[in-house]
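The letters A, B, C, D and E name the chains in turn, as written, and every chain counts its residues from 1.
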């Protein structure tokens, strides 16, 4: 258990090192400082401006978490509703598709207008950006239930609701997890867009400021804070998803699948 | 919100007014062009006049006027050329003060390029940020030198003007500010050459102006008036104490403290409007004519619709 | 709904009638206008060649979709449409991998929103010899163990009509004998229709044997040896019947 | 067949109507014209400015299609490589995650500087934006193969490559389809962001331009063009995915699953 | 690798030896230090109670993972590790839903990158009575039809060792008799190990019967009736053997 917890962390550190080396190489081969600061100067900024970065990071973190929760709940809820009432699907799905096809930032000013400059508009933005991916992966997952299970449930007199919650939903958990993991990486992007459209705090705000002033090292320091948030969120979600599926081989050991069952 | 409205109505110049809040939306992130606002905030001039000013920054300079119109902010920073378009499109905003009363806009090229005069731009790539009228201004300048838009290749670089020029992805950029971009270029060891817009056939205009919603202005005019007073005090103080003012400015936000900003600050001091509330009718009329002639706007409006001197009416 | 066919009333007075069953996939008609009657209580065994439509018939009786050209009518002793609950055990075990064995057994209660009865579920698992596996996930069970869990799940349902599709095919001879006795006892008051491929099993358990044959298929009724099920497979009467049945099957399918 | 082709179209039209009505309602309840123009005036602009819109739409369409192809190929390729060489996964996956966590638009200015203001940078942007979602859904799909099939294949002496191509890949097709559908809605967003950062043609350019000039009706007309492109792309991808899975129930009729197989 | 155990050499001179097979799941030891020998060519039938570890043993012989505490050694007649190709037919049919029936049969060729031989595949389908279904997707087949496709797929492999886990369990008596004959003929030159629950089937086909029993399990060897397989199930000798085997199984498992 502990081993499985530390191993990915170790790998992450390894991956980071690789990335930093690549980064240094890019600089070596002539990316100018105003485009890409040296890793060292970014580290320095990270230390000297820690207070500033931390303050803004907290703001963004709050927005991200709230947006992630809202987005996944709404998305998963929509998927559930659509797979429960199939007749809705034929009209609601294209509607969803239409709204998804509108780039969030195209309507960002409207959102700011309606939800203000506070965290509200950022949460809405993060929610919007993950809503459709979550809804569509969940929905696809919910549709792919083994029909035999549903047949069995219906002969048992299972109502559509119960079939949804006790058969379709657990069967779709791997797809849900896949959707949630993706949402974990997308929610921060939503919050940042929200901050770019208008705000007075948050990492997105800080990045814009720094970018506008060509303080690329501060900008990259903020970016690194954002990365850390995103990755933490991702691994938390990943771990929770695994915990929610104790029967899955990842957890029960690789030899659990003697009889050729679906993993 | 309630206390603000109450404050606005109850205020009289004599009694010490209760503190009223005012939301100001800058045009862009905080930079030396915003000097008087920041100094007024730092020196407490707003507070002294009973104002509690919150400063917000957008990423998209076209958003603040809309947000003021929608009542999401009380004041916004905008650009005069833009204002004409906005009013033409029916946006209920008008100019209520001036932050910088001269054009800052220049067309910058690298000093080490082969562009020595404006007409050398023929066949070159020119980067600009979409501000709505920048293309029009560019066209006017080109016409002035006997060229037109087809002779150059315009590229929208969306506010990344300096990097575009530094990386030679474009040969020139328009929409650069004469107080800021040269300092930024210098920081990277590149000299720039500026073509001043007013010398290339564009009428003189106010670069940075304060906008308010026409719908709520009557109610807010006393507040705006006080706001302008504080900005005026600050502008004056900057001129009087150039070095001290830099120290105070950079203390607003630690990320402001760098060499580029310092240089830009020095270059900006001479540009701040010393009479922010004052308003020059001719400037607005002339610029409107200029835009009308080029078909950028569709109709003429009374100058009072565009701008006013908040101290001339009411209070 | 067509009027109940009175022909059937003659041979049993109580039970369940299936009328005018028809199944076709496109042009291929598997059976048409087939009728059968199931005594209540009683155990009917359905035999027939692979692919003749046994599983499909059971699915149709369970109200599951099979083909868009499939139809049958089920009426009870008083000629009313049969609308009581049905326990169906498919040819596959259909255990849910995310529910432990005992929770799989109690699935029916969960599905109907009833209070689950873990004691009864546990008792059924004990009867099928799987008490020790109650807390395991089904993925870790052997084929025969899974089949027995599915059987326990079917027995947990207290439906008057029980449809079972080759429930004992994955069990060894000994376990099978054991389970036969348990199932007979537990299902003594129900209408049971079981598909099986083992003539001995059919002879041992059936109150009637139904043989499906031909194309399109029809159903013939054969009577089992005398005596109450489960019958001892080693008696002479059983051997004779077995021989006869095998010969009959060979002839019929020829 | 024809019915199944026209029905979704009909629904789409219905959905659009609903959306337009909602839109009109929003205007009715006080969204100002300079933020949200009336549907009618947008329609008018669509007609009068058709030439302009069409010209820019073609540019954007090219970028989107190119980006979609690159992104899905790279994404699916990565997923294949990762599931083929499991040891790579432990280092490459965190690396991917890191790069995904960097908001595309944060590095958009860098991309523009490297790839220029032409279509190149937009294609790269669209590619980047769909790369990770595609890679991660595909990878999740490829991992969830029924182990029995793989066991069978390995006793047959199937090499890892053949197992990947003949077992894992077809088994993962439903997940792949899910990923591709999502990519179809995200690729246009990438292209538009690319155009916003710097361009001289395309719908994103037009939208920025119109936004700057306060021509909200032109901006929304461009948005509608974008919507049409996105939705066409989505349905094309959806149809192709179905065609690639002729054994799936959607195609073979709903009664194909007699034996309780996975749908 | 331990040196080959010479004890086994005595009873057959040619064939395959499995040594020191051990399987445990955690504390539960299913079998330990079990050995068996398979004559070549010859047909061995493995019988045993549900859950005693038959499928697991076959998986281990096929080189598939079962548990992390599982081990065995397989050597051929000349005491070398057996490294030849193995055809394995699992307890489930494992048909790929995206390949048509005929393509499922030819899967082995595709897997090894060989040229597929559609004529042979078709011939095998004909032999299993499924020539008509060659172009269908497996989802549209009945349980017994699927099992026969899986059998055809196993027969298509031309491996010297064939491991089959209850291959005929889903077939009716008649089809089974038919398939027995075909399989016997087609597999006459291979080493076959088949798990079955039907003693009659074992007696009909086996050159030796292996009975797995006890806990931890051991394997006993029983000789079948004289005569070459497939033996006629209706002879007196078969009946006697059947009775004996049943009694043996009952006793053993008690």
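Everything below uses one rule, namely that a contact is a pair of C-beta atoms (placed from the backbone, for glycine too) under 8 Å apart; a residue touches a chain by one contact, two chains touch by 3 or more.
Note that the structure is predicted; figures quoted are calculated from it, not measured.
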Going chain by chain, each one touching the next, work out the least steps from chain B to chain E. 2
Contact-count maximum falls on chain pair A-D
Could you please state the distance in Å, as a whole number, between where the Cα atoms of chain A are centred and where those of chain C are centred? 49
Whole-Å distance, chain C centre to chain E centre, using C-alpha means? 29
Centroid distance [mean C-alpha coordinates] between chain D and chain B, Å: 39
Touching two or more other chains - residues of chain C: 55-56, 59, 90-92, 94, 140-143
Among all residues of chain A, which ones touch two or more of the remaining chains? 35, 109, 113, 146, 148-149, 151, 196, 257-262
Two or more other chains are touched by the chain B residues 60, 66, 70, 163, 167
Residues of chain E touching chain D in their complex? 59, 62-64, 85-88, 90, 92, 94, 96-98, 107-108, 110-113, 137-143, 146, 157
Under the stated contact criterion, what part of chain A meets chain B in this complex? 32-35, 49, 52, 109, 112-113, 116-117, 196-200, 205-206, 208-210, 212-215, 218
Which part of chain C faces chain E closely enough to touch in the complex? 25, 47-51, 55-56, 91-92, 140-145, 148, 165-166, 169-176, 197-199, 234, 239, 243, 246, 249-250, 253
Using the touch definition up top, name the residues of chain D that touch chain A in the complex. 7-8, 11-12, 14-16, 18-19, 31, 35-36, 90-95, 97-106, 109-110, 113, 132-133, 136-137, 140, 143-149, 151, 174-175, 177-178, 181-182, 185, 188-189, 192-193, 196, 207, 219, 223, 226-227, 230-231, 234, 249, 257, 259-263
Taking the complex as given, what residues does chain B use to touch chain A? 25, 28-31, 54-60, 63, 66-67, 70, 72, 159, 162-163, 166-167, 184, 187-188, 253-256, 258, 260-261
